[in-house]
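Next, two complexes with subunit A in common: one pairs it with subunit B, the other with subunit C.
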Partner chain A sequence: MVWKISDETAYDTLGEEVHLTINGVTIRAPQDQSLLVTARQNGFEIPTLCYHRDLPSEGHCRLCVVEIGEHPRTQIVNSCTYPTQAGLVVQTHSETVLQARRMVLELLLARTPKAKLIQEMAAAHGVYESRFKTDDPEELCILCGLCVRTCREVVGVSAISMKGRTPDKQVATPFMEKSSACIGCGSCAFVCPNNVIPYTEKEGIRTIWGRDFELQPCNVCGNYIAPKYQLEHWAKITGDPVENFFVCKDCR
Partner chain B sequence: MDLPRLEAILSRYEGESWDLIPVLQDIQDAYSYLPKDELQVVSERLNVPMTQIYSVATFFKMFSLLPKGKHQIKVCLGTTCHLRGGGRVVESLSHRLGVEVGYTTKDMQFSLETVGCLGSCAQAPVMMVDDKYFGRSTVDKVPKILKLYK
Partner chain C sequence: MPKFESIDHLREYRRQLIAKRDPNQPQVLVCAGPGCLPMGSEEVAAAFREELEKNGLAAQVLLKECGCHGLCAGAVRVLIRPQEITYQHVTPEDAAEIVEQTLKEGQVVDRLIYEDLHTQEKAAYKGEIPFFKGQMPIVLRKLDVIDPTSLDDYLALGGYRALRKALLEMKPDEIIDAIEKSGLRGRGGGGFPTGRKWRICQDALDEPKFIICNGDEGDPGAFMDRAVMEGDPHAVLEGMIIGARAIGASKGYIYVRHEYPLAVGRLQLAIQQAQESGFLGKNILRSGFDFDIKISRGAGAFVCGEETALIHSMEGFIGEPRPRPPYPVQAGLFGKPTVINNVETWANVPEIINLGADWYAGIGTENSKGTKVFSLVGAVNQTGLVEVPMGTTLRQIVYDLGGGLRQDREFKAVQTGGPSGGCIPGQFLDLPVDYDSLQSVGSIMGSGGMIVMDTSSCMVDVARYFINFLYQESCGKCTPCREGLKNLLFLLDEIIHGRGTEEQLALMEELCGTMAAASICGLGKSAVNPVLSTMKYFREEYLAHIREKKCPALVCRPLLKYTVDPETCTGCLACVRECPVGAISGKKKMAQEIDQELCVKCGLCYEACQFDAVKIE
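And then the complex of A and B:
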């Protein structure tokens, strides 16, 4: 399994320090670190929806856009996927940037009118309603891909992925069937910012992505620890016998 | 599952993950769709998770997870063809074949789909059957064209 270290902690893997300007302030930051991380480390707040420090950035949400270059030759780029380079001139809150962010939020609001997170974020940017057509008023998924990336990069099983292309794009298991790769860990539901992923736990059975997972009770206290499949997955990656995981972390 | 047929396709590649799209294209050409069992073998052989194959297979229009007909009919609905009556050609084909756009006739002879542009706007409206172009196609030319393939 490949472990990706979050870019906020992995200084040794980054290039040497370079100078750049953010909002008129000259700062020093390691080369090739994403602009988003550089800005945040120096106290410039940039809103994001699809960024997570432990996951590779894929630039889905487009909220983190910043303006780079000097007037009149500026361009709008995703700060989460753009590398820090020597001499860059970055604007995180110029009028062009704010306009782009308001447009993104308006589009998101049209997609998920009932999502609290989007409503709050839009209101913070002065967007209260959308000019665009809403396809499904009950839709809550913003297609940020956090669940897909968590399953692939952190859990390491890749049980879900994006299916199709917009406007019918959605998160799904292969062939929309019960996934044999899923271990029922629930990480996708945990990381989801809008709690869209259906997930129930009842009488020792966890149901997620249409599959039932039997939960393993702790050998000492009897509280449920995790699905059996997940413990078997742990046993497989650590090489320890699966029985080692049958005691919950409080009883160890 | 026809394993030798699939092996013949896979043997043309080195079995690296970046061979995924060419392999899928070859399977699509050979089988006229991407069968699930074959995709499972591809997943194991190229060491690509099934999720990624499903993602790629549903993203590109050239791939189909359902069997396609013997002849693929593509009607252009790009800007020029749209203005010059491509929509009426689609309607006529759909009516004559008895299928909606995106589906295959019951006898598995024809699959009907619309495309964004076929690259010959001067001949608008254009339709394509397999790899043959039919320029300046009109509603009354549709039965003649279909007759060639029936």
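And then the complex of A and C:
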């Protein structure tokens, strides 16, 4: 069961507005909206890696942490899942918070030294080099889980999931075999912040997760639209005949 | 077993049950707990059965295989009632002698009774043994006398009396009031006040509500919950039914590890018995209250002991925790309000209802009430399960109950609370053990593991051991725990291999700070305890590894150096024959020499030498 934190997209379904303090500024925001969204709406920038506005937040990356409560009883929580509550006192850039973010980035930098996004984010926090050990210098995946969540929540097929534990955890298809659930839509590769998920397109064939998908050309212009499986998936969802999707959006 | 339709029926049945039982009937109670079972308690029980039949005593003497008797160092244990004589290290061959001497003649078999290691004083009766004298069993009270597969045994000792009281004499609010007043706090480690947890869940508006018993005991060396589930399963069920009544749940689950097949079996049988006799199911004891319990088996991930990961696992997802809030009492199993309590917490509930909140609140310290079961293991003489009032000092537990350290070695540290607990040094031996005092010295209560270490333990090695365990069990969801544990393990390895630096110590401290603050769940947050506590109390040991490249406890192999003392060496070549890599050379009857380049530091030469000529530095 994933706790779905309300987001900008569901603004009108939110609870009544409450007052809270962020970085000393009293603001009004809908109750139960995530602190991250509340802060961003009010101009307080909080860095994130595993957050996406269209996906339920699960708190993987721990970069969005903020400090709540008043000294000395403060607590570090991740803002992407913590609900906005009346009277909450939030610090988005306290020393403890920044230290935690720097440490998280330093750890990620050691994990994925070549990932552009991590390098940039780390540099923005004053971390240029990691004191920790790098196992695989070619590693790019930060295990943010965006691909898995997209496949499950947006595409709705759950073709990939996390496998294993520890830093050896990886995103994979079931039993590392070609997944029969995959429709080759490539959403996982699209959403990946580090472009880790390899996928190629050649002569009307898209290859992703070790499986070849035949692409459907547009009935009008002949350009490839999407894998046939994906169009069939759309047809199944919408109840329309699959032929309805054989015209690309430019020719429609 | 009849189905109890009413209170009177239950009362009458219990009355007859007790009347039928002769309190002076000789009983042979063989421990079949987690410690004794692998030592052959089934064979011992079979031998007794045979002997009793041979002697024509099978009808008069009651033979039972019970739950854990507590003092596991003496496995297999046998308790003879009504005299309360306890025998230890009983083998099947001893059965004949015990039957002959004790049951027929009424004599004590001297060679099988407890003997104090220091004073050599013998004690035959349970009440005389210091290990039992210092305890106050509430949860473990019935373990050594009841047959866990018999509901009659449980009923005869007042079982399901608390349920009757809770269902028919108390309102749900009054049950919660009682639990709140008793001061019972969660025994799984967090120490959250149980009554408050129930109150929040009772107040939650969503329906249906669920009850979960967390039996996912995974700490190395801990077996309290296992012993209770195997030895007194009905107490857990009774506690859960009372809790369900209090919060208004109609469905309960027991999450228990698949690696505890006996616990699963006993619980399954207990649930079946409770269903058949009307303690579970529709309209329990005609109170109009419906409740049923199912078993959910876990696949063994340590992190699934964390409540949100446990819920995920039960729902069929990967056992990963999720950030809180919402707490399980607000949105737990299938998104519904759920109360999760540990096995021991549930087992406490019937006793509190029976004997009253005031009685319970009278035991323990100001903020920690009642008793706590610890599994006392490690370098103590008497390992086993102990249940002591909160506030008992570590010294009492280690020395009075545990009988001091093995081979009279010096006490070095005690690690409480499982792998993510801290190591408490000797200076805190007089610390009263409760939730708050343990936290104040950098450790945790945890679920009650207590590992005693003597001077032969290297604290860096100990920290590495636990970090390695946690590293392998980290679910890998959040960055600080996943990457942090990996790097902590790496840094500790560097120190153990003599490659550590003092900057790395500082880095470890910094990393621990972030892990404790920013991890999702308790695993990552408390994983730093073994490192921080050993760094705080045994810093000189870390520095010896770093500066002098030496392991003072002679544990960390990469830092050891084996040499042969030419003065003492007789040239017998025993070491040469043992060395697996051929690193030892020299002429016969002459002093030998170890090639440090070739030596793999296995220590076989040290063990082989009869003249103590092999030295370790």
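Everything below uses one rule, namely that the second predicted complex is superposed on the first by the 246 of 252 C-alpha atoms of A that agree within 3 Å, B and C clash if a C-alpha of one lies under 4 Å from a C-alpha of the other, contacts with A are read in each partner's own complex, and residues count from 1 in each chain.
Everything that follows uses one rule, which is that a residue touches a chain if its C-beta (ideal position, glycine included) is under 8 Å from a C-beta of that chain, and two chains touch if they have at least 3 such contacts.
Keep in mind the model is a prediction, meaning the values are calculated, not measured.
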Q: Report for A:81: first if it touches subunit B alone, second if subunit C alone, otherwise both or neither.
A: second
Q: Check whether A:165 is in contact with subunit B, with subunit C, with both or with neither, and answer first, second, both or neither.
A: both
(Q) After the superposition on A, what does A:111 contact: first (subunit B), second (subunit C), both or neither? (A) second
**Q.** Touched partner set for A:152, first subunit B, second subunit C, both or neither
**A.** first
Q) Is it subunit B or subunit C that touches the larger share of residues in subunit A? A) C
Q. Now for A:181: first (subunit B), second (subunit C), both, or neither, which partner does it touch?
A. first
Q. Is A:47 in contact with subunit B, with subunit C, with both, or with neither (first, second, both, neither)?
A. neither
(Q) Just checking: does A:58 make contact with subunit B only, subunit C only, both, or neither of them? Give me first, second, both or neither. (A) second
Q: Jot down the residues of subunit A that show up as touching in both complexes, subunit B in one and subunit C in the other.
A: 161-162, 164-165
Q: Using the touch rule from the top, collect the residues of subunit B that touch subunit A in their complex.
A: 36, 49-55, 58-59, 65
Q | subunit A-facing residues of subunit C, complex | A | 301, 303, 311-312, 315, 317-318, 320, 322-323, 325-326, 331, 333-335, 471-480, 482-487, 490, 507, 510-511, 513-514, 517-520
Q | Contact set on subunit A toward subunit C in their complex | A | 1-3, 58-63, 65, 76-78, 81-83, 96, 99-100, 103-104, 107-108, 110-111, 131-133, 142-143, 145, 161-162, 164-169
**Q.** Touch list for subunit A against partner subunit B, complex
**A.** 148, 152, 158-165, 172-175, 179, 181
